[in-house]
Each structure stands twice: as C-alpha cells, then as structure tokens.
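Starting off with a structure, shown below.
So that you can tell them apart, the chains are marked A, B, C and D in the order they are listed, and the count of residues begins at 1 in each.
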Amino acid sequence: MTDNKKGHIQTIVITAAIIAVCIIFNYAVSGKFLTGNNIKTLISHAIIPCFMAWALCFVFACDFTDMSLGAVVILAANMSGFLGETKLGYFGIIIGAVGVSMALMVFNFFLFAKSKIPSWVASIGMVMVYEAIAIFYSNHQLTSGKTIAQLSEPMRGLAKAPAIYVVFGIGFALAYLIYNRTTIGLKVRALGSGQKIAEAMGIDTVKTIITVGIICGIFVGCSAFLNESYSARISVKTGLTSMTMIFQPIASVMLAQVLKAKINIIIGIPICALLVYGIFNMLTIAGVPSGTLQEAVLGLIVIAFGILAQRKQKKVVK
Amino acid sequence: MNHILEVKGLCKYFGSTIANKNIDFTLKRGEIRGLAGENGSGKSTLLQQIAGIYLKDEGRMILNGKEYDPQNPLDAKNNKIGIVVQELGVLNTLPAGVNVFAGNWKQFSRFGIINMKKMYQKANDIFETYGLMKIPLNADCAEMSIESRKMLELARALSGNPDILILDEVTQSLSQNNREMLYQLIARLQKEGKTIVIITHDLEEMLEICDNITVLRDGEVITTKACSELDTDEIKRLMVGRQVNSAYYREDAVADYKEEVVLQAEHVNVPYTLNDISFELHRGEILGFCGLSDSGIHEIGTAVFGLSHDRTGSVTLTEGNILIKNELIAGKNGMAYVPKDRDGSALMIKDSILNNFVLPSTTELQGKCMYLSPAKLKRFAQNGVEEFNVKCNGIYQKMQDLSGGNKQKVNLGRWLLKDLNVLVLDCPTRGVDVSVKAYIYHVMSEVKKKGLSMILISDELPELLGMADRLIVMKDGCIKGEFIRGNNFTQEALIEVMV
Amino acid sequence: GTNKEENNSSGSVQESTDDAVKSNGLKFAGDIVGQGSVALDNFVNELEYDFTSMGASFQIYNDNFTADTQMQNVETMASKGYDGLMIYGWNNTSYKQISATCQMTKVPFAMYDQISRDDETTAMLNENEYYAGSVGTDSYMCGANAASEMLKNGEKKALILGGAVGDTIHDKRVEGFTETFKEGGGEILGAGRCTDPSEGTTKFDDLVSANPDAQGVYCLAGDYSVAAISALGNHGDVNIAVYQSDTTKETIPYIKDGTISYADSGSKIVIPIASALLVNYAQGNIIKDEAGNAPYFANVVPFSVTAENADQFSDLYLTGHPLTPDQMNELVGKDVTYKDFKEFIENYSFETSLEK
Amino acid sequence: MKQKIDMNKAVPFISLGVILIVFAILTGGNMFSPFNLRTLLDQTVILLVLCSGAIFVVALGCCDLSVGVVSGMCAVVSDIVFMVTGNVFLMVITAIGIGIGFGALNGVINAKFKVPSFMETLALLIGLRGIINFIQSKVGVTHAGDAILMLQKQYIKIPLLILILAVSWFLLERTSFGRNARAVGENEILAKYVGKPVDRVKIFCFMLSGLTAAIAGFFIIARSGGTSTTMGTMYEMKTLIAIYVGGVLVRGGSTASAYKMIIGCFVFMIIENGLKIMGFGSSEISELVEGILLMVILFITIHAENRTVKIKKKTTAILIE
C-alpha cells in the first residue's frame, strides 16, 4: 500500500517536473514553445511514428526485433501513393499501405519463426531485399518517364487536422483492444514468456506468430499512409539507411517500457512519442542544428532509456 | 463404471532413461490417491503424461471409458483434468488474473473483445469459491512470490472445474495456513465427487489425507494399497525396496575430518531464501545439506561461492582470512562450484570435451602473454579423459553427444584435476546411473582423503547419508538441525526434522 | 544547331538511334553519389541517354553516399576495362586516388557536375595523361543567386532546408547562400538538414514553429520545396517565400502558380558536355585547351526557371534532354576542337536551346 | 566409429568455393585479372581490420553496430589533431584513445548495465554520426596527412594487415583471454560459475573492437584521401554480415574463429566485387543478391549445426524455471 502511494507520488513528481521543464523552456525561448500552433505541430509529428512504435511494441512482446519496419513503410507508402492516384482514391491509399505491409510483416514473422535465424539478423537481410525492391520500382518509374508515387494535394487529407486525429483514435482503440482485450493479444504476450512455456499452456505458437505479423502489418500500414499523406512522397533508400526510420519509435517504446508499471504500454507509447518529439522540437526551437547534435541527443536518450528499462534485468544479456 | 481413469502399459523414455516402465494405474471416482516414491522414481513423469504435458511413448489411457490421448495441456483441461506441476509454470509477461485462464481466453470474448472485468471477476470467483489465498490479480507474475504463483497455478487447474485434480508437490512450498486451506479444499472436492492425485514427500501428511497410496520405484508401480493398511515405515520400505550395496557409498561409519576449519560462513542472509545461516567446514570434510526443494539448500551453494548479489553476512576462507565477496575471489582462492543444472549452467554443451575440460585450468596452463599451447591443452584433456574414464570418441567430440553420466564425469573431473581447497557440489549425481554414481562416490572419497573439503548439497537422502561426515538439515531457509555421521544418522531421523 | 528537327521532348532514346552513330561499340561507365533522390536519378538517366545517343553503352555505379564505396567503384570500373569513366567529383579528397587508379589502369576519365576547385588538384589532374577534362556546375553560385534574389525582394530573415550535412553539393549551396546573404545584411534563423526528403516536412514544421517571423526559405533541392510547401500548409499565419535550387517535376506547378518565388536548375547540361569530352578522348581526339591542358569548364551556372519558361524547362530538362542526339554528335568527332566546346558553352543558354 | 565431419567447420570453405566458381563462370574469368585481384584485396583490407576486433564481440554472442561510426569518429578527430599539431604520434594516440574509449563505454553499458549490445551500439551509431556531422560542419572536409596516405602503399598495408590478423588470431585462439571470451559466448552462466571475470572479459572485447575500428579509420581516410561525414557508414553491417557469413553463429562461442572471419570477409567482398564486375553497378541488384545470399548462408550454417543435434521430437518438455 505504501508502495502504491510512493508510486503515485513518483508519478506526480515526474509529471510536475516535465511541466516545469516545458514552462521554463518556453520562457527561455520567449514563448515560442507553448504556442497553439507549435503544440499542434508537435502532436501531429508524434502521431505518425506512434503507429510504428505500436507495431514495435507487438514485435517486442513476442521477443523479436524487426529492423525492417522502415523499409516496409517505404514500400507500403509508395503502393499507397500509387493506388491513391488511381480511381480507388482514399480507399486505395489505405488498402495499398495496409495490404503491402501486412503481406511483408507476415512474411517477416514467418521467417523469424521458421528459419531460426535470430530475428534481428534476419530482419537486416530483409531490409536489403525490401530496399532493393523499392529501388527497382523507383528506377522503373524513372525510365518510363514517371517519378515515384506522389500524392496530389487533394488526396492528402488523411494527415490533416481532423482526419489524422480520427486515424489516431481508431489506431489507439485498435492497439489498446488488441493488446489488452483480445485472445490474440494475450497469446502474443504469452509468447514473450518463452515459446516453450507458451506451448505448454496450449498456445499454437506458429499461428500466433503469423497473426502478430498481420497486426503489425496494420499499424505499419497506417504509419505508411500517414507518412505518404503527410510528406506527399517517400523516397526510396539504399544501403540499409531505411533502418534510421525506426530509431525514434524505438526510443519511444523503450521509454514506454520504463513506465510500464504505471501506465499501460499502449497508452504510454503516444505519451512517450510526444515526449521524444517534444525534445526534438525544443532542440529545433533552441537552434540546435538538426542532422547533427539532435541526433547525438537521440542516441543519448536511447541509451539512457535502455539503462532505465534494463535496471532490474537479472537474465543473461547479450 | 467406478473407474474414472485407467492407464495401461504406459512407458516413457528420456533418451536412455526409462522414466516410466509399463505402468498400470487406475483411479476410482471420488478417491484421493497419493503417489509415493524416491526422487526420480517417475511420479511426476506419470502424472504429466496424464495431464498432456509429456506425450506418452507407449501404452494407452482410458478416461471415462473412452480412449484418451492428450496432445497438449489444453486437451487435458478440456477433458476435465487439471494439474499443478512441480516446477513453476506461469506466464511471466501476463497478469495473474489472465494467467488463471491461460490458453482458454476465448470463453470471455464477445465479438472478439475479451471482457477483462468478467475474466478478473471469474478469476476472483475461483479464488473465493475455493477459498484460495488472495493475490493481486492485475499484477504481472514476474515478481510474485513462489507461494502466490502456486496459488495461481492451483486456481488455473481449478478453473477448468476438473474431475481429476493433480497436485505435484504443492504443499512443500505453502505456508501452514495455506496448507490447512488446501486440506479443506481437497476434502470438499472429494465430497463433490472429484478425484484427486497428490504427490508429497511428507508421508504423514499423505497418510492423513489420502484414501489409497501407489508406490513407485525406478519407474515401475510397486503396489497400490489403502492407507489403512499402511504406515510410514511400510511406505518407506516399499519406496526404497532395494538392498543398498554397502560398497556403494563410503565404508566408514563415523565422521572423519581434521580439526582445521577451512571455510566459515557467518550469518549468511539472502532475501526470501536464506535466513541467518552459519556453519564451519573442516579440512577433509564432506558437509551435507539436505532439505525439501524450497528449503534453501541450493541457494547455500550459490551463496557460499559468492554468486548471490544480495547476500549479507560473511563467508571466509580461514587460510589467509579471505572474504568471499564474489565468484572471482572464490575462483582465485581454490574454491569451485558444481551447479545443479548441468547442461544449463555447468557445461558448454555445444563445445568440445577438450574445451570443457581445460576451461577452469586455463590460468594454470597459460604461458607468457596468456599463451595456451594447443599441445599442452590436448595432453591435459587427454589425461583427464583417461583418468576419469570418460567414454567418448576423442577429446574433440562435442559435449552434447555424451551420455549424462559421462558429461558429469567431465564436469567433475575438470575440477578434481585442479588444486582445490573447497568444492561445492550441488546434486552431483543428478540423472546419473548406478555405476557412474558409484564411481563418483569413489572419487569423492579419494579426494577427501587427500584433504579436500566438500559441501554436498543433494535431495537424495541415501546419498547424503552415505557420503557426508556431517549433515545440516534445512527448512524454510533456516538451519533446523545437524547430524554427525555415526550418531543417529538415519533417514527417519532426518525426515523427522525436514518436514 | 542547324537541324530543323523538332525538339525531342519525349526523351525516348530509341528514336535517335537512326542518327549517325560515330562512336559505335565503345563502353563507358560512371558513378553517381547516390540513388533515390529525383535529381540524382535524373542525372543517371541523362548519362545513359547521352552515351546511347553517341552510339556507346553506359553502366552506372552507385556510391551510396560514401567515399569509400566511390573508390571501390572506381577500382572496379577500372579493372573491368571500360573505354572511359565519368567521375562524379562529389568528394574532393579522393581525386588523387581516383586519378592514380585511372593512370595505373590506363583508363581515360572525365569529371562532371562537382569538380576540383583548387589549383593544386587541377595541376595534379593535368599531369595525368588519362584525364579528359572537367565540366562542373557552380553550386556555390546557386546558393549565392538565391540569396541575392531574396535580398532583392527585401527579405532579410531566412531558413534553409535540405539534405544532410555531408552532402557536398548541398553544403556548397548553403555556403554560397549564407555568405552572400550575410553580406547583404540578412540573417539566417535556422537550417534543417534531413537524411531524406520525407523528413523534410517534419523538420520544416518545427523550424516554422520556432521561427514564425522568417520571411524566406531556401530549399536546397526541389524535393525539399515540396516538403516545405506542405509544411507551410499547416501554418496559416506565416508568410514565408520559397526559393529553390534543382527544380523537379513536382515543383513545376508551384513555379507556375507563384508558390515558389525563385527557382534555378539546369546543372544537367554538364553531363552531355563532359560525356562528349570523354568520348572524344576515347576515340583518339584528345581535346586540350590553349595552354595544352585538359579542358576545364567550371562556369556552367544554372539559370532561373520562371513561370513563363517552366513548361519548356520541364520538357527539356525533366522529361526530356537538353541536347538532341544531333547536337551531341556535333561535339564528337575528329575535327572537334577545344574552341567548339568553348563556343558551345558560351553560346548556350536556356533560351537559345529553346529556339532550335 | 569415425568422427563425423563438423558441418559448421566446413560451411565457410564450401561457400567460398561455390562463390568463387559461380563468379568465375559469371564474369568469364574477368574476376581474376591480376589488377582485380589486387583491387579485391585492397577493398577487403578495411573489412578485415574491422572484423579482427569485432570477432571478439561476436564471440561473446554480442554484436557491435558502432564499429563503422567509431572508425569515422576516430578518423575525423585524429585528422584534425594532425592538421593542428602536425604530429603523427599524437594523431595515432588520439585515434586509438577514442576507439578504445568508445569500446569501453559499449562494454560497460552492456556488461554492467545489462543493456542489450544491439540496442546500445545502435544508439551510439545514431548519436556519433550526429557528432561527426557536427564536427565536419564546423571544420569542413580535411585532407589526409601524408603519413596516413602511406597506408595506401602495398608494402606497408599488407604487412600491417597480416600483423593485425595474426594478433587477432593469436588472442582469440591461442590465449586464455580468447578462450574466456568464447566461453562467455557459449554459456555466460558457466563462465561466471567457473570464476571467470565475465564483465572484464566483455569490456575488454568491446575495447578491442574499438581499437580495430580506430585502426580501420586510418585505412578509410587513406583510401579516400580525406575525411567526410559518411566515413565508415554501413561498415558495421558489412562487418557483422562478413563474420556471420563466414560461419560464425550469432551465439558466438566456439563457432567464432579467425579463419571463418577471414573467409567471410573474402566471400562478402567477392560477392560485392563480382556483382559489380558483372555490371550490376547500381545498388538494387547487389543489395538484393547480398540480402538473399546472407540469409541463405546463415540458414545453412545454423541448420548445419542443428543437423548433428537431433532433438527427440516426441517430448514437449515444459520449461523449467
């Protein structure tokens, strides 16, 4: 009971500290931080990677690591952009993104489960394959005189003010329900206790792993079409650089894992994403150049959260 | 029909170990059956096959007159068989309330959404209706105490409203009032016409609550008798059965060690496991530790060797007055620890015999610049393999290809080649057959004569009685008694203190 | 150009093969700093077109943005035995190694777009008999021009948005912009450098939030203009004019409707010229300037793209190619001299190329 | 009974043989022109240097994704030191200090704070790249000093490489330190129970990886003639892939050995070089083929090992503990 009380006090102290930092910072940059517009910007920035963080949360829940999420987003976003400009319209945007990412994620998970190659290594292999496919596509477009898929202005509503909040709301409800309130969510989390013990409890692990692929596909797909709608186009990347796309979501998930005991991880993720992006936003406002020291801060945050998240770890860690 | 379950000709092999040999076993409706037998006699294996955790190798089972062949624990649960296993089996990543219905969550879902409230409600109902100890249902299991986890497993077994409830050594990890609760629960279930199977090493407890008792020995059913025809002595006779060869263990009947104290443990505490342990180890002594599984005997080993980080109190090597703060100091000062989990924590199972053999001695074998001459290593390992009679195809064979006994020879042998002061042995003969056992005991006697002090932790009483100079009996993390060889050194006396 | 044939705007390579093929059967290769960005992919396309127009074949190698991969590519190309190499000189520290490699394997090479700017390196290159010449765009001037334009419009507070630090072209543009802008009394409020254009929107969103008083933004490439414009859509109350280098297809409508105040482009013209130098060398016609050195054209300054010429620009430079095969072939042959090149460059302007 | 051929030991040789034959045919022998062989060796040097330290981290069962960025960092800073002081010795000391320092940081965070090495070094990769960009944006691109350019000379490069490889081989396979590192990879609990200084071994392995990264940094500048922000990018992946492709399993331990690493580096570079010689210069084909080959080879290596361990299928054992 005292533990509980202590926990509450801790939460209040942390929240108060965050608010205090925000206010002081706002004062320091002469009110540029806490403007309505900036907060709106901040929130929509946090929403897009939030979906990727939810997907990662499911990936981590069954004890895998998937580095290929960025490459999947690129492919899915391009498909989404391509279908968005056909007669299918918004339906195409959503179906294109979600369909492609679902297919790729299921394939990934199937590979992890069946090949016995450690998931993070296998996923790096898949990054190479997916990036190559993306360049094939982009080159093909170029030689036939077109550019890669780009959404025209009227089709980009999904990333605009009311729609993006609706998408977020739906995504949040879905993530929350699946993770906490469905058989499959529970099965996925059971896998995290070890494949063998889950099997002993009568859980069909292969089937579960494939379903996780489908679920992750939905979230990665959402992230993809939001990305495409937000930036109009996603250019393809080579040489494994697509992996950089998951760094910030990983930071959010790790922070959410630290807070897991206090806040449900699915709720924690958007909060943490907001926090992480808040830091970046602050740095930008403070004039720290992006592409240089901001990245250094991101690295530091990931390490710090990693240390926090692992502080009670007793198992052998590689 | 009166029989709820019939097992016919059941066999189960683990590699070359025959865990169950041609078992015939019948359960009557509404009876409380006890299963007695030495460690490793195949009790758990039998029951786990019934509960679908192990697949049977041969034989058949008939449940309620129908052929019954469970493929997984859910099958068993659906056939109304519930089990609480000996080793802990909970999903650490999920809350307790969810664990109660592990694998069976569908029943709460409507339109795909699970009604968590209903699940927790029902879990709560189970705890309430059966009067189980309350545990926080929405907390993750990872940090729960063993007793809470047992409660959870019990609730999970009961959640299927089983006709047959199997309890494998549940009582030993429960506190007294929870035990009382369990007894009442068993009595009540029996009244409802359920069948209950119990394994416990507390024979008096067993006689008290059971109707009939089946005795197993070496994987075979020896007999099944009504409790009224039995007493503890009779059960023990049936359990042990065989004549213990006198040459098997040490031959001397009295304690024999030097006065010199080699190692001293003072007020050793480890949160939740050890409680104010103090003892002395003398030169050339084999100091045995015995107790039930959760009594803390295994933690003695890790605590003495400096492996428990939250240990308080002191362990000192008298020579040079060295405080064993961690495993590095221990290793450097002639201590060695042979853990219980041989494959998991004592061997590099995928590496060669040679590499396993030389690992503890690399510091002694290295030349300048940490150089290890391959020829020297080869000679060392070859020598060890010959000295300890390891049956293998050469020193480059992989460890995992060896039989259990030979693995253990490597595991022990590599330490005995070193110049040690103190050797801590945790269950050194686990999963090893009679002849290798005899060989290990023989080697232990040899090194004892040379002045090596040993701490022998074991859950096999005959072994302890056969080998130890002194025996410390533990219960609930405390020292409960001490016996000296030749002085009331009997199994009965020990069990008296243990339970 | 004497040819009356209408401008080959579709850009199809096949249509031109019935022209006189002068350099039949030669094989060339070249490297590109990276792939995935529209401007660079356009370069690759142009390289392939130009060499095919001259009757040769061309193979591109991707440097993946690392100097080390560039060296690896140059070595591989050299050892494969091409008739000449087109070197994208984006990393000026590696010129010496590249030159040495080509000398050792006796492969002629020309440098394009990004070329050496210091005399020492140029002298070093001139000592190499396999060096066919350099044709470069003045990236510094791109930035400087944008800055002057901004100052002219009375805007004194600028933002910059572009590719990651280390992208030598973008770095040069930033340098030109910053120096000119500061000299003119302007102030640069912030710079967003992104690993790729999809990050641009987010980064620029933040920048605008931080600096709502900015008056202009210099986008280092067309992709970033698109990003900046979509970010500006989220901020109703700011008034920031967009300036860009490297016009891309997506930005053409914005140039036409005035969303983009100033745009330049046209560095692509360096490719046909550099290719012609290389092909000449490979055919034995080694072109030297008055001083007897390999030609060095560092002065190809991009022109501005305006609402009026945007469509033609798009036809010539984005979907099509600046020179027709015939124009190309006029620059190749036994009788072509340094003067021809010089005249071509001096006479060439976007407007004149439209006339043909 | 004869001892079985250990598939895990044979796989690297088999893959090298197969790759050689395949590319010999596909490139029509072009691959083995004297100049290209030299080029191939040249291209492999950096990878070999990096691998000779990273193999220790892999032997632990960990991975070091920061080798590329650390080598870049060492190169950038040491080059600046050289430009300012003109002192070669100081430059070398700076580079090695930085390399070992970051290695030690990785090691401490992994061993003491139990952060998975994969996460931790990935974070370092992001962060340091930002710092390199920052330094470069302040200082600008610098040319390599003449002393560094000497490293391009074959008569210096090759003996130095052989020395590094020899030291790495000796440490890994002929010393108690190497044995301890591999024991940690096989079974960390055992290493602890046997009384090995597990944490110290781990930290030292990471430091070695940092050291070779620093040395590789010199080779990288020597090759490209000066610094750039992208120095060393993707070398972390190339290093790991080369080691894994050589037949070292991800768990490290006894499967980690120097010859596998060397073969792995060559296999990897032969694939890369061969594809380019065949005319796949743009990245899509090489990346695709590399990705697929990586997974095929890993799959074969892993299953080649499991082949000798036929687990009794019939028992679905419940997990203890």
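Here, contacts are C-beta pairs under 8 Å (C-beta built on N, C-alpha and C of every residue); 3 or more make two chains touch, one makes a residue touch a chain.
On a predicted model such as this, the values are computed, not experimentally measured, just so you know.
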| item | value |
| --- | --- |
| Remotest chain, chain D as reference, centres from CA atoms | B |
| Interface with the most contact pairs, given as the two chains involved | A-D |
| Averaged-CA centre spacing for the pair chain C and chain B, given as whole angstrom | 74 |
| Whole-Å separation of chain centres (CA-atom averages), chain A against chain C | 36 |
| Inter-chain centre distance, chain B versus chain D - centres from mean C-alpha coordinates, in Å | 43 |
| Sites on chain A at which at least two other chains make contact | 135, 139, 197, 199-200, 238-239, 244, 289, 291-292 |
| For chain C, residues contacting two or more additional chains | 35, 44, 62, 64-66, 164-165, 193 |
| Multi-partner residues of chain B (each touching 2 or more other chains) | 53, 72, 89 |
| Chain contact topology (line, ring, star, complete or other) | other |
| All touching chain pairs, where touch follows the definition stated at the start | A-B, A-C, A-D, B-D, C-D |
| Chain B to chain D touching residues, read off their complex | 14-15, 48, 53-55, 57, 72, 85, 87-89, 305, 307, 327-328, 330-332, 335-337, 339, 344-352, 355, 358-360, 362-363, 365-366, 369-372, 374, 393-394, 396-398, 400-401 |
| Partner chain B, residues of chain D touching it in the complex | 1, 3, 170, 174-177, 179-180, 182-183, 186-187, 189-190, 192-197, 253-254, 305, 308-309, 312, 314-321 |
| For the chain A and chain B complex, residues of the former touching the latter | 61, 177, 180-183, 186-187, 189-190, 192-193, 197-203 |
| Chain A-touching residues of chain B, taken from the complex the two chains share | 53, 72-75, 77, 89-94, 98, 102-106, 109, 112-114, 116 |
| Residue numbers on chain C that touch chain A, as the complex places them | 10-11, 34-38, 41-42, 44-45, 62, 64-66, 164-165, 190-198, 200-203, 205-212, 223, 226-227, 230, 234-235, 237, 248-250, 319 |
